[in-house]
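Here you go, one structure.
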Amino acid sequence: MVIKINGKEQAIEEISNLIDLVNSKGLNPGAIVVEHNLEVIPKDMWSEVSIAEGDTIEIVSFVGGG
Amino acid sequence: MVIKINGKEQAIEEISNLIDLVNSKGLNPGAIVVEHNLEVIPKDMWSEVSIAEGDTIEIVSFVGGG
Amino acid sequence: MVIKINGKEQAIEEISNLIDLVNSKGLNPGAIVVEHNLEVIPKDMWSEVSIAEGDTIEIVSFVGGG
Amino acid sequence: MVIKINGKEQAIEEISNLIDLVNSKGLNPGAIVVEHNLEVIPKDMWSEVSIAEGDTIEIVSFVGGG
Amino acid sequence: MEDILRIGGKSLRSRFFVGTGKFPNKAIIRDVLEASGADVVTVALRRVDTDSVDENILEYIPDNCTLMTNTSGARNADEAVRIARLARAAGCGDWIKIEVISDNKYLLPDNMETLKAIEILAKEGFIVLPYMNPDLTMAKRMAAAGAAAVMPLGSPIGTNRGLKTEELVKIMVEEIDIPVIVDAGLGRPSDAARCMELGCDAVLVNTALATAKDPVGMAKAFSQAVEAGRGAYLAQTGGERECASASSPLTGFLTSSGE
Amino acid sequence: MEDILRIGGKSLRSRFFVGTGKFPNKAIIRDVLEASGADVVTVALRRVDTDSVDENILEYIPDNCTLMTNTSGARNADEAVRIARLARAAGCGDWIKIEVISDNKYLLPDNMETLKAIEILAKEGFIVLPYMNPDLTMAKRMAAAGAAAVMPLGSPIGTNRGLKTEELVKIMVEEIDIPVIVDAGLGRPSDAARCMELGCDAVLVNTALATAKDPVGMAKAFSQAVEAGRGAYLAQTGGERECASASSPLTGFLTSSGE
Amino acid sequence: MEDILRIGGKSLRSRFFVGTGKFPNKAIIRDVLEASGADVVTVALRRVDTDSVDENILEYIPDNCTLMTNTSGARNADEAVRIARLARAAGCGDWIKIEVISDNKYLLPDNMETLKAIEILAKEGFIVLPYMNPDLTMAKRMAAAGAAAVMPLGSPIGTNRGLKTEELVKIMVEEIDIPVIVDAGLGRPSDAARCMELGCDAVLVNTALATAKDPVGMAKAFSQAVEAGRGAYLAQTGGERECASASSPLTGFLTSSGE
Amino acid sequence: MEDILRIGGKSLRSRFFVGTGKFPNKAIIRDVLEASGADVVTVALRRVDTDSVDENILEYIPDNCTLMTNTSGARNADEAVRIARLARAAGCGDWIKIEVISDNKYLLPDNMETLKAIEILAKEGFIVLPYMNPDLTMAKRMAAAGAAAVMPLGSPIGTNRGLKTEELVKIMVEEIDIPVIVDAGLGRPSDAARCMELGCDAVLVNTALATAKDPVGMAKAFSQAVEAGRGAYLAQTGGERECASASSPLTGFLTSSGE
């Protein structure tokens, strides 16, 4: 299955929802925000949002800024 | 006949068109611009624009400005 | 006896030395400095400096200044 | 004969006065000023000022300056 | 070879634009304009007082000047547009200084309403020069909307305080393709020269002339300063230094000769 | 009627004094001086290099200019006096710019040694114009000692940083009876104009011309700026305001007409 | 009695807002924030690099600070809105610094797109603080659209050039009802003090701290300067004078006593 | 580790010197001094009015402060020396601020007479701090003559106009080995902070406190500003830039994600 993560197309496997994706990437859930097809998904909903072919996902985190 | 000239209501008589109005006020046609019911009227059309009860007329001229 | 105090001539009587003068004026010894004929006189010498006709005495004190 | 010209010692020969010196150096008399033993010498006196062993001579000219 | 400013199809020799308001009397305006050498002269429109006869300001403006009517009094784009149309109908050309102001204390311009007026008037063929709050992004929009130049303020109208907005104007000069003309607040010829040195294309001055003790002398002074500043811009300065640099040769002279 | 600056018995039409150091080549100096319109031109003295033939700077200076030799290189009053005497002996007149400097980094003048040199040279009949650190009390002493003018610095020599000493120079202009001429540091025509607007009697510029890409164009620009600033001083500005003041009549127009 | 700044329902004791970008390392941010005493701290959002593990900036920000996420990277209102929503979803509160920039050289803000973003976000309950080009009329519109404060720039982001927009900011302080916070360009504590003396309600500083040799020391210095400026604003200065006014009594002392 | 200013054998923690003239009442001086944290406090001497009893200013000055008597009223070196001796005889220590003034309008100091007074008083063991016109060469002479510090003016006494002599003071800070203390004219805490950022060792303020609506609040504000400026000097600023430099990471975020 190919999806677009942060602007780059990636082939992923054995991942059915957002929580799987976050875990597979080794990301700290407390430090990131996830947008699924332009919609921000609250953390407690990650397990309920399925990922399908062609989805666009943004994963962002806080960094230093002025 | 009552018309509004430069925001003030005035009763005028024996005036049928703009050229009459300008002349009656002693204004220098070369120095003024006339707006009749929100439409600017070129000088050569003044004699053809009739004035009717309730008309709104603006007569403006150039002054010093920065 | 006439002496000059702070630029003004004054007639004084029954005053033989600086300590008499300071006391007669009701001045606070701790707050003033006395110059006798252009020489600054330390406080503990006031009683030993006699005043004579025509002497010039400056009595100054501290005030606010920048 | 050794003299000091503009701070440097130089051996000169067959030169008896300032006009000889100026000519020998190929200098334009109209563009220079000559000081002989700390005394400024007017141009018309150059032929009358003899040069002796050990004299100090400054030859200066105008340059651009602000 | 010649240094010409092109705006709205005209070739302007003078980069000094002059306003005609607030002079002690109208007669002096002719002399001021002559002394200024201005090619572009601003005027305003006002309701005629039908009870008194006012002199016609236009009689005091030389024929070879380009008239630019401002929209003073306009508080939004619609009013500005209406004034512009009245001005053009008067047969005095199509140069318009857009001036939309809602702030009565500092007379600061309204960039958004000004932009709207530009969009409308440029399409109608006006040569539009907006008086504006210095702002790079808005200036780019104004240029895109068809403004013939942008005219950021140096300081509030009539204050004679000079170019207090240099930081923002300098960036506009660098980044904007249409002419940048500083309008409002310039109080002294040195202010005008400074604007031109920065690369501004022209300046517009009124109050500094009208409030001078000798308006004609002041007009000439500003005119010279504008040329001076422009000349310096073209001649390119050598840059600043922190430490001193001798302008006379210091090496050696008398230094080692005293011994 | 005419605005003439009188110094040392001469009547100067131009208030722009020009220095001749640091130009890329000597030939350009003639054009620079012509473009500047300067009446007073500074030169320096230096030991002749007897091994090479140098061009004579004086050939490039128009005959009608007043030469003013500076004492650059002098580190105390005695050296300055000695240079002055050498200069006069050269037959180029008796105008001397006293420049006594012991600080090699910022080339700031030594007011006390300068004062001593003035005392000596004025008695010998020189027309003495001291380059000085701006200082009212010292300027008064210099005037009393016979200086023909005082020449405070705007910023360090050769820095092009402008009139950074305005606060002190302004007071000197107000309180000193002899001419005040800003010398050193002026980098742009607007700097020169500003000096003149404050009431300075003249300015002396060198580095800003010599380091410009086009020295002739810059000389003309400064010349215009000096005239502009002087003109503004004579025409008298109307003063600054905090709040805006409309230059167009705002009352009534279209304001009540929208009903 | 206490001097509290109220924004978005919060009572802020510190008027010094601090940005967290560009520090040499993240660990220093905690010390900087502590030294600054800041109540409001800005952060940015960025795409995670899924190939490396980055430290979480939030760990370095004390819990009692109010986080304000900026919308850096947004080039229009829509992008700004999208970033704001992402930020809120992260559970870090609803304070947003709107930053919409299309100019990559000077990073000057886009007031019109910023206004649009304010309109949308304020309705969604965000506490919106727009970074803006100083402009009175636009600031009034932003206030009307629900901005919690306006944040005009002092000079371009990251330049350390100081408050170059004083003329325009001063007017905003006088005429705007919501807090005015100078954001961007302040380079030295004296700049921050000057803003506060003018009556600004707070300042936001980042680059001046991050680029200092000792960021922690600089943070403390700015913090003191902000308090100093605020204190001076409250204590009210006595105004400037043209001429001198003795601070010591001069009358008579020794003057007539030398005879 | 601690940042101590050493003058005349004393170690001063505070770099804020305070003058005591012109306050609305004497009682407030105690609170002002406490709020200021000043270690060095100036006073003046004046002839006693033998017909009235004046309060003693010294009662309002905390014991731990170092008194520094100024020589205000002195018009030459002799008078300054005489006042200094009177002051020392009063038993209040040997710190003297030399102030020799002949200009009654701008109260500008007389550097030459001041130098003479330094020469005499330093030999007599006084700790001499001269109020001076900023002048590098004279400052070097004053240092050589035994001055413990030099105190150039920022602008004329009592004007609150700020540091108008920055160009000259900055050079003094760089080139002079003894402490440089800006005295006179500082009107706002930001002025004081600016002096300290430049590397000045201390500032002396009086009028700005005495003429503030709340002198105690203003004293505290100045005190914080002096610390802020000193802190920034020690922390070293990162320098100015012409163009902007993002403080948030701009790369990539959302930029390519809109497709």
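By written order: A, B, C, D, E, F, G and H. Residues from 1 in each chain.
Note that a residue touches a chain if its C-beta (ideal position, glycine included) is under 8 Å from a C-beta of that chain, and two chains touch if they have at least 3 such contacts.
Worth saying up front: this structure is predicted, and the values here are computed from it rather than measured.
The set of chains in contact with subunit D as well as subunit G comprises E. Common neighbours of subunit D and subunit F, by the contact definition above: E.
By residue number, over half of the contacts seen at D-F repeat in one listed pair from B-F, C-G or C-H, namely C-H. Chain pairs C-G and C-H differ in how many C-beta pairs they share in contact, with the greater number at C-H. In this assembly, the C-alpha centroid of subunit A lies 33 Å from the C-alpha centroid of subunit G.
Once the centre of each chain is set as its mean CA position, subunit B and subunit C turn out to be 92 Å apart.
Subunit H has its Cα centroid 61 Å from the Cα centroid of subunit A. Taking each chain's centre as the average of its CA atoms, subunit B and subunit G sit 55 Å apart.
Residue positions 6-7, 58, 60, 63-66 of subunit B are each in touch with at least two other chains. Listed for subunit F are residues 19, 21-22, 44-47, 70, 72, 82, 105-106, 108, 156-157, 161, 206-207, 247-249, 252-253, 257, each touching two or more other chains.
Touching chain pairs in this entry, ordered by label, are A-G, A-H, B-E, B-F, C-G, C-H, D-E, D-F, E-F, E-G, F-H, G-H.
Contacts from subunit F toward subunit H in the complex involve residues 102-103, 105-106, 108-112, 133-138, 141, 155-156, 161, 164-168, 171, 175. Of all residues in subunit D, those touching subunit F in their complex are 5-7, 25-28, 30-33, 35, 38, 40-43, 58-66. Those residues of subunit G that touch subunit C in the shared complex are 247-249, 252-253, 256-257. Every residue of subunit H that touches subunit C in the complex is listed here, in rising order: 19-23, 26, 29, 42-48, 50, 53-54, 56-58, 69-70, 72, 82, 85-87, 89-92, 157-158, 184, 204, 206-207. Across the complex, subunit H meets subunit G through its residues 19, 21-22, 44-47, 70, 72-75, 79, 82-83, 99, 105-108, 156-161, 187-191, 193-194, 197, 206-208, 210-218, 220-225, 227-232, 234-250, 252-255, 257-258.
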